[in-house]
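Chain IDs A, B, C and D follow the sequence of writing; residue 1 opens each chain.
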Amino acid sequence: MKVGFIGLGGMGLEIARNIGRGGNELTVYNRTRSRAEALQADGARVADSPSAAARDAEILITMLADDRAVEDMVFGGAHAGEGAIKSLGKGALHVSMSTISVALSRRMAAAHQEAGQEYISAPVFGRPEAAAAAKLWIVASGNPDQIERCRPIFDVIGQGAFTVGEDAGAANTFKIAGNFVIAAAVESLGEAFALIRKSGLDVEQFLEIISGALFKSPVYQTYGTIIAKERFDPPGFKMKLGLKDVRLALETADATETPMPLAGVIHDHLLSGIARGRGETDWSGFARIIAENAGIK
Amino acid sequence: MKVGFIGLGGMGLEIARNIGRGGNELTVYNRTRSRAEALQADGARVADSPSAAARDAEILITMLADDRAVEDMVFGGAHAGEGAIKSLGKGALHVSMSTISVALSRRMAAAHQEAGQEYISAPVFGRPEAAAAAKLWIVASGNPDQIERCRPIFDVIGQGAFTVGEDAGAANTFKIAGNFVIAAAVESLGEAFALIRKSGLDVEQFLEIISGALFKSPVYQTYGTIIAKERFDPPGFKMKLGLKDVRLALETADATETPMPLAGVIHDHLLSGIARGRGETDWSGFARIIAENAGIK
Amino acid sequence: MKVGFIGLGGMGLEIARNIGRGGNELTVYNRTRSRAEALQADGARVADSPSAAARDAEILITMLADDRAVEDMVFGGAHAGEGAIKSLGKGALHVSMSTISVALSRRMAAAHQEAGQEYISAPVFGRPEAAAAAKLWIVASGNPDQIERCRPIFDVIGQGAFTVGEDAGAANTFKIAGNFVIAAAVESLGEAFALIRKSGLDVEQFLEIISGALFKSPVYQTYGTIIAKERFDPPGFKMKLGLKDVRLALETADATETPMPLAGVIHDHLLSGIARGRGETDWSGFARIIAENAGIK
Amino acid sequence: MKVGFIGLGGMGLEIARNIGRGGNELTVYNRTRSRAEALQADGARVADSPSAAARDAEILITMLADDRAVEDMVFGGAHAGEGAIKSLGKGALHVSMSTISVALSRRMAAAHQEAGQEYISAPVFGRPEAAAAAKLWIVASGNPDQIERCRPIFDVIGQGAFTVGEDAGAANTFKIAGNFVIAAAVESLGEAFALIRKSGLDVEQFLEIISGALFKSPVYQTYGTIIAKERFDPPGFKMKLGLKDVRLALETADATETPMPLAGVIHDHLLSGIARGRGETDWSGFARIIAENAGIK
C-alpha cells in the first residue's frame, strides 16, 4: 500500500519503520528532516512538507506530540505550510495515531468527510520498545470498513487491535482513560515507595512483593523498577508529554462532567515536576516529586 | 504442631481449616462460637476464651478485624476476659496475621518479650477465595528463627512467604502499603469507568483492553469485573474494613511524615460510601460513589 | 461620554444603568433584546448588533459570561454578526469587564492595537446587589492613560479602582485569583458546616462565632448565611458560571506551572453539582454537594 | 477566686497573667519552671506539680499543647506525677482551654464527674497577642451553671464567650472546625499568592485588594501579611501544633463520617513542611511549601 507518514518521534519512527519493512510504499515527513532520512535505508521516500507526504497516499498516518502539532500538520500552519488535508486524495484515509483530544479527533473526522476523504482514530498503547518490537496495542474507532482497510498496517505494528465504536472520539477517550489508569499506578507506587523509604525499609523488596506476587503486571514491573532505581534520564516519554496526557483526561472529565480527583493529584505532581525543572526527564519521575515532598533527598 | 487460632472471620476460617487439615493439632476460639464449631468436623477443638486457645499452643495465630479486636484478644477486655498473653507458655510463639497498625505490632512484640514469649508479624495478601485455596502470600518480620519455625504453617496456607526484616512493624508496613496500592488501582478504575460511562462508551470493553492487553493483572481483572458489573453485595471484604486499611496507611504516613494525597482521596470516597449507608457492602463499592459523584444513577 | 455597552446579564444590567444615570450617552446591546429595552426608560438607545453598539462609542464596555461570548461579540460569530471590533472607531477604547482568560485578554489587546483602537482590562468584584448599589471594586490593567480615561465611568459604578500593571492580562489574573480565594472560603464553610452538622451541633451558631467574632468579613457573612439557610435558588450567580471561574484559575495555574490542589477540590465539587443537576442554582450550592457526600439529606 | 493554672506556653502565660491581674489568687504550674516564676512578680504562687496546682483551687485551668500533655497533667504520667484529678477538691471545676480532641474532652468530663468534681470545655480563639490584650474569644460547653461560674475569669481574658451546648465535646468541635476554616484561608492565600508570583505580579498589591476591599478581615490581613513578607520565624504558633490542629479536624471528620478533602490538602502541605525541616517555624509557613511546589525559590 502507498502509505504517507507524518511524525517521526520516539514512537513514530519505530512504527513507520515497521510499516516500511512490511512491504508498503512509504513516504515520510518530519519537521526535523534527519529523522526522516534515517528511514531511507529501509526504502522510504522523504517528503518536504506534510502535504507532499499526503499527496499520493492511500493511507496517511499521523503520529504527533499533541493537538497543536496535529492541527499544524493536518490543517496547515506556520511550520507546516498548507497542511495534509489539502493534498490528500478523494477516498484516501487519514489514520490518526496521536494521543489527542476527543474534540480535535471529531473535528478532523468532519473536515475529512467534507473533503471527500476518510478518517479513523487509532491511538496506540505501548512505549517505544514495544513499538520497535511491533508489540503495540491499537484502539480504533470510526467507519468499520475503513478500520478493516487498515488491518494490514495494524498487523505489522502491533499485537492486536480493538474496535470501539463509530464515533471518531471513542478511541481517543479509551486511550486517554487508559493512560490515566497507567499514570495512577505510577502515582500509587510513588506514594507507597515514599512510605516504605520513610519507614526505613527496602523499596526493591517491596516491589518484588507487589509486582511479583500481587499484581504480576508488566506495568508495575516496568514503572516500579524505573522508580525504585530512579532511572528517569534519559526519558522514554517526557514529563511534558505526560502532563499533556493528564490534561487530556482532565479536559475530557470536565467536558463530560466527571469529577476525577486522582487525575487532579497526578496533574499537580507533574506540574510541580515541570516547575522544578524536570520537564525533559521521564514522565514517571513525578514519583521523585512525591518523595521530595516527604523530605527524601 | 499444637496450634491455637483466634479469629474465624472470612479469612481466618479458611486459614485455620488449612492448618488443621495440614496435620496440626488445632484449638480455635471465635467470639461467635458457631463459626468455631464449623471446624470441629476437621478435628479442631473449640476453646471457650482466648486464653484457653493460647494455653497449650506452641504457636498461637491471631487473625482479627482491627487493632481493637487484637488488643482485646491478646491483652484482655470486656468480651475477651483476661487475654491470650496471660496463658501463653514460655517460649511459645504468637504469629499476628491481622492487618493492624505498626505501633500495635511493636507493642505486642515488646509485651511478649517481657513475658518470655516470642512474637512475629505475618500479615497475608489475598481474598477469602485465595485463603481457601491455600494461595495466600505471607509477609513476615521478626526474629528469623521464629519465622523459620512457622514455615510448616506458611506452607499449608500460602504459595510463598517473604521475610522483610527483624522489626516487628516491618511486615505491617509492607501490608499497609500493599493494600494501599491495591486500593489505588480500584480508585483509578472507578474514575476511568465513570469517564467511559459519561462518554457513552462501554466499560466492559474498556476493561478488556486495560486488563487483557495492558495490565494483564489478576488485581485489575478481579476488581475491574466487580466494578463493571457492580457486584458489591454480598461483600468479599466489607467497606468498613477497607476504610480501616486506608486509615492505617494514613496513620503510618502521618507518623513517618509522608504526604499521601491519593490515600486521602480514597479515604474520602470510602468515608462517603459509609456515610451514604454502604458500609456493609464490598469495599470496592467506593467506585460506585465515584460514579454517583458524576451524576450516574 | 458616548458609551457602548454589550452584555446585560445580572451584573451588566446594573452597571449599564448606573453609567446611563451618571450622565453618559448610552447605547446598549444584548442578545435577548428585552433586557436592553429595560434601559430605555433611563435614556439608553438599543442597538441591533454588537457592531452597532460600538460604532459611535468613545468607550465600549463588554460584560459577558465567558470567553466564547466575548469572542463572539468582539470578533464576530454566528449570533453576533461581524463583531464590535469592525465598527469601533480609531482611538476608541474597549473596556473588558468580563471574567475571562488571560490569553483572550491579551489577544484582544493585540487585535485592538492593530486596528488603531485602545484596550484595557477592568474586571470587577461584587455580586449584583453591589453592582446595583455602585459598590463594585474595579481592577484595571493596560495603558495608564486609558485607565485614567475611564475614571468617570469607574466613579459611577464602584467604590474604588486598582491599577495593577500595563499587561492586559494582569487584571484578569488578579480577578481570577481573587475569585478563587472567595470560592475557597465557600469550600471551607461547606466542609466545616458538614462537620458541625454531623456532630449534631448548630451551624448558625457556628457561623455566628466564625463570622461575628473571628473573620468579621462580609464574604463569610454573606456566603455563610446562604449555605446555612440553603438559599441556593434563585441564584445570585449560577453554578455553571462558578465552574467557569474555577476553570479559569486552573487554566492559569496550568499555564504558569502552579499546582493549586484546593482549586482542584473546588472544581470537582462544582462539577459534581452540575452533574447532579444543580447547574442553574447558586454557585455556592456546591456546599450542599459536600454535605451530601457526608450523607446529609 | 482561687485559681490553679497548668500550662504556661505562648498562650497560657498571657492568659494566666490576666487572671492574676484580675484579682484572683493564682497558683501556677509549668513543666519548665522558669516560665512559672515569671508570674511571681504579679503575685502568683508557683506549684511543684500539677496536683499541687490543683489542690486548693476552686477553678483549675489547663492550657496545654495537645491530648498527650493534657492526659499527663490531668491523669498523671512520667513527667507529671499523680495528676491534677487526684488532688482537685469535691465540687471544684476543671476548665479545659486546650485545643484537644472531642474524645478526650468527653473522657475528662466523665472522670471528673465520677470524682465528684466539675468539668467544662472552654477553648479559645486568638493568637498570643490577642491573649496578652485580653481579646480572646471563648467557646464553652458543659453544665450552664459551671460556665456561669467562669464568667469572671472569661471577662478578664477575652472579649466574649459563646455557650454552645451541654456536651463537653461541643466546644472542642467548634474550636476544631473554626481552626480548620482559618487554616483553609491560609491555604487559599498560599495558592493564590503562588499563582500571582508565577504570573510575574505583585502579591502585596493582590493582598491589598483581597484584604482591603473584598474580605476586610483581620484573619486575611494578618496571615496575608505574614505570607507575603515570609515572616515565619520566629513563630507565633509552631507548624507542629498547626499539624496537630488539622489532625484533630481529620480525626473528627473520620469519627463523624464527614469527608473533608480540603483538610486533607492542608494536612499534606503541613506534613511536607515538617518533613522538609520547618516544624519549628510558624504554621502558616506551609504557604511557602505551596510556593516551592510551584518552583518558586
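Everything below uses one rule, namely that contacts are C-beta pairs under 8 Å (C-beta built on N, C-alpha and C of every residue); 3 or more make two chains touch, one makes a residue touch a chain.
Predicted, not measured: the structure shown is a model, and the values here were computed from it.
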Contact-richer chain pair [B-C vs A-C]: A-C
Remotest chain, chain A as reference, centres from CA atoms: D
Distance between chain centroids, defined by C-alpha means - chain A, chain C (Å): 38
Centre-of-Cα separation between chain C and chain B, whole angstrom: 52
For chain D, residues that touch 2 or more chains besides their own: 198, 253, 257-261, 265, 268, 272, 275, 293-295
Chain B-facing residues of chain A, complex: 102, 125, 137, 139, 160, 162, 164-165, 169-170, 173-174, 176-178, 180-182, 184-185, 187-189, 191-192, 194-196, 198-199, 201-202, 205-206, 208-210, 213-220, 249, 252-253, 256-263, 265, 290, 293-295
Complex interface listing, chain B residues touching chain D: 247, 253-254, 257-261, 264-265, 267-269, 271-272, 274-275
Contact set on chain D toward chain A in their complex: 198, 261, 268, 272, 275-277, 293-295
